[in-house]
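Residue numbering begins at 1 within each chain, and the chains themselves are lettered A, B, C and D in the order written.
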Amino acid sequence: MAQAETATLLIHCPDRPGLVHDVTGFIFAHRGNIIDLKQHIDPQAGAFFMRLEWSLENFTLEASEIMDRLQPLARRHEMNTRLHFGSQRRRVALFVTRDNHCLYDLLARHEAGDLPVDIPLMVSNHETLRPAAERFGIPFHHLPITPQNKQQQELRQIELLRSHQIDTVVLARYMQIIGADMIAAFPNQIINIHHSFLPAFVGAKPYHQAHERGVKIIGATSHFVTAELDEGPIIHQDVMRVSHEDSVEDLVRLGRDLEKTVLAKALWWHARHQVLVYGNRTVVFN
Amino acid sequence: MAQAETATLLIHCPDRPGLVHDVTGFIFAHRGNIIDLKQHIDPQAGAFFMRLEWSLENFTLEASEIMDRLQPLARRHEMNTRLHFGSQRRRVALFVTRDNHCLYDLLARHEAGDLPVDIPLMVSNHETLRPAAERFGIPFHHLPITPQNKQQQELRQIELLRSHQIDTVVLARYMQIIGADMIAAFPNQIINIHHSFLPAFVGAKPYHQAHERGVKIIGATSHFVTAELDEGPIIHQDVMRVSHEDSVEDLVRLGRDLEKTVLAKALWWHARHQVLVYGNRTVVFN
Amino acid sequence: MAQAETATLLIHCPDRPGLVHDVTGFIFAHRGNIIDLKQHIDPQAGAFFMRLEWSLENFTLEASEIMDRLQPLARRHEMNTRLHFGSQRRRVALFVTRDNHCLYDLLARHEAGDLPVDIPLMVSNHETLRPAAERFGIPFHHLPITPQNKQQQELRQIELLRSHQIDTVVLARYMQIIGADMIAAFPNQIINIHHSFLPAFVGAKPYHQAHERGVKIIGATSHFVTAELDEGPIIHQDVMRVSHEDSVEDLVRLGRDLEKTVLAKALWWHARHQVLVYGNRTVVFN
Amino acid sequence: MAQAETATLLIHCPDRPGLVHDVTGFIFAHRGNIIDLKQHIDPQAGAFFMRLEWSLENFTLEASEIMDRLQPLARRHEMNTRLHFGSQRRRVALFVTRDNHCLYDLLARHEAGDLPVDIPLMVSNHETLRPAAERFGIPFHHLPITPQNKQQQELRQIELLRSHQIDTVVLARYMQIIGADMIAAFPNQIINIHHSFLPAFVGAKPYHQAHERGVKIIGATSHFVTAELDEGPIIHQDVMRVSHEDSVEDLVRLGRDLEKTVLAKALWWHARHQVLVYGNRTVVFN
């Protein structure tokens, strides 16, 4: 049985009385059936956030009309809005270097139908993971990076992503700092996995730093990439207990499980339009 | 600065289009300002749940009028409704026997202002914890229980609770099975803490059972008390890792931390009207 | 740089004074250098457990001599002993049916060098996962099972495992109950992953049971397979928080992450000879 | 039944062959019965750590003789040793300011027999918690601190602690930076609870910092106090999931549960001589 098409509307605007009433009124007036509604008010910032998912089965507006017809309401309440349709899946590019654990984890989820995105291509600065890409039938693009060619290669990357209508870049342990052009081209669309509990252990070799400091818990953090290294809005974090018995190598090995699940979860929420960025933080409607 | 009075409305009814719109319309029409709105739809059961909290600061209805004026809407949608006011705190009776960890934890939270309830009395089948009650200035009622007097004592308990306008009974490690009269008198108002991860290890000595089975994780479960022992709707659960090194005595000791925090959290949600019972399950809007 | 060969000795015997002294004396006398020593005493059972790992670099006994020379000591203390060498990796057969998440997880770890075992073959009652096996170059044996041929096919399985010198069978979501012959042939060598927090929700459809009961946490359990279904010695368990918002389908999806990591961790410990079975429980020296 | 006296020996020395054999030989030669033995080797640092607990029931040495008789062995292996007896409980001073949650938690555990220490006194820079001290019968010393009198008051504190033979200072949310004299007087004997997941959010107002950064998990850390603020050896850490819905006030409230349990656990391990400091890290034999 085919599932009916759904629409998801994300709203961010100044908080004021009647917002939920007005938006649900719009849906109700056109015979939409609400599947999920979540809202959040930040009283300090005076900000309102909402995620509304409804069935288009009996909806009286065409998909292409919705935004137009919503305009008056959106303008009146100074709304930032985003509209997504269930049938239009995110188009994801996977960026990798040599580590395969996040990659295999995402590809296996994808194959099992647990990751509702399309993955038209992989990009890497090394050839190492080409066989992995080929195993799962994902086109693999090798774009080696040197200090000399870095900016130029990034422009090629952007072109490549654009030509594939990519809307989400996942850095699945991609060991390169992302340049300003790429970040500007994909604002809050580049998801990184950092192998520490941010903001602890920013930068290189976080497991070494963690071991040196003698922490009893390690973590992983998935965040959107911004111009400040490891400072972007956090989407998801998780942690794991360790002990004095764990060497740096143990932390590296154990941490892979965190990295895999934290990145996959962040991408899952992003794929389902459950994440709203606001300032340097996220609202995750989960 | 005094905080403005708030109202919280809990709704449970058959799911149908327009529910959120109608309810928020009622609030909006009387100039209420929504502080928090959470809803849940169970598509299988066709059931709708909502928790709505709003400020009464500029609300144009008197507190005493709200339910009356809501009636037409409630009737039209076959709603079960409950209305609470922020200034009317739950009145809680603590039932204890000999163990003091949950008791002290609740009393300390209460004293610190972290538990928004009134605690007019404690009831116990033993004298053991009278000094603890006195330390915190809570009247202590000793109602010893024998197989012979059990039913009669329970009727006295009910009378006592009624005379103090108690609306919530917390079994803070009360080592007696609650009788049918009491359960009928306080439906979904008696909160128990069971020292296992239910439904594993129902009944007596769950830590002994857990040790015998060789589990690697122990748990605690807070639930509403129903006629079936340890089978009532679960409000909250938490767990903790253990190992072959932990004896039964270790499990008992370690488990106390779980019991304390799980019970306190369940009571916190109940106190703030975040818990809806439906069938043998709960919706916890947290 | 090649790592020096290591030996691991597992001991289980009645507790008595001097055990650690005697065993470490044996190692010391032959110039072994202890890398790791863990012991556990169960005072109630009067039982002693030890895991001793040492470097054979300067050890004055040949690998083949060790057990012989240890005999007098072992006999005197009524020891059950097991000796393993670091260079002799466990030989693992993966049993699967249709679900691929545990399988891919194990194969990816194996390829990344994070799972120190050999995987000479896969066995399945369906053809579904043959492509997955082929992607990773693991020989795939399809042995379909019907009520009629079940016992006979199991004898073929045993033969197949024996012919490949398999010492560990991993049921990576293999949807068949293991028969008595197989269990007898591989005592405490068959590792299963059950998708619940045992002993809760034994048997079929544990996520359905969990949803029905309204639990707030789900789990997964890895255990050795014994004649009693889901009653064997538990090696590892983990859990995850869920809520009223999660449907059965959500539990199934979310639970996969637990199943993957719990099974992989159990196999990791087993592969490194960190697990001792005693009665229906395990000592896991981790 | 009285439990037999036990001794616990902590050893830290350069790693070399035969250490376990030699130490257990010493115990065995004098008919001690080992209750627990844990050792750890740090191969990078070439360091060996051991905790040995044995029954003195049939031990042929007097308690007062043990260290003398151990001397030759200790000298030969350049051991740092500490010897404790089960009957000699740690003498703990609780330092508090205004927050009562850690205080009540420790006092309740103590009263329940779950914290094997003596608590001869409380010290505070405010009068606020005097009633709490009196409820539990703990002498309360009010030593107000100003920028002018800080050093002088700290000398009075040291004197006070010495006169009560205090060996452990617990900063149960004591809102003063500890001075150099105090730290020198109680090296690795002052236990603090910091309300963040160190090294994230060092210093003041960690929950505000956490909220500002938009983390999805908060933590608490118990550590020994050294001259560098919040940089001492970490004993224990724990964390808790939070979301965009949690205000700073929520984090403060939720975090209290972490602070309580993390501090209590760290003190429990310290009380049982399970913690060894080495460099700026700890070995926790738990």
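Rule of thumb we're sticking to: a residue touches a chain if its C-beta (ideal position, glycine included) is under 8 Å from a C-beta of that chain, and two chains touch if they have at least 3 such contacts.
Not measured: the values here are computed from a predicted model.
Novice: Which chains contact both chain A and chain B?
Specialist: C, D
Novice: Where the contacts of chain C and chain D overlap, which chains show up?
Specialist: A, B
Novice: Any idea how many Å lie between the Cα centroids of chain B and chain C?
Specialist: About 42 Å separates the centre of chain B from that of chain C.
Novice: Where the CA atoms of chain A average out and where those of chain C average out, how many Å apart are those spots?
Specialist: 36
Novice: Which positions in chain C are in touch with at least two other chains?
Specialist: Counting only residues that touch two or more other chains, chain C contributes 43.
Novice: So in the complex, which bits of chain C are touching chain A?
Specialist: 99-101, 104-105, 108-109, 111-112, 114, 135-136, 253, 256-257, 261, 264
Novice: Considering the complex alone, what residue numbers of chain B touch chain A?
Specialist: Chain B residues touching chain A: 17-18, 20-21, 24-25, 27-28, 31-39, 41, 43, 241.
Novice: Residues of chain B touching chain C in their complex?
Specialist: 40, 42-44, 197-201, 213-217, 219, 233-239, 243-245, 247, 279-284
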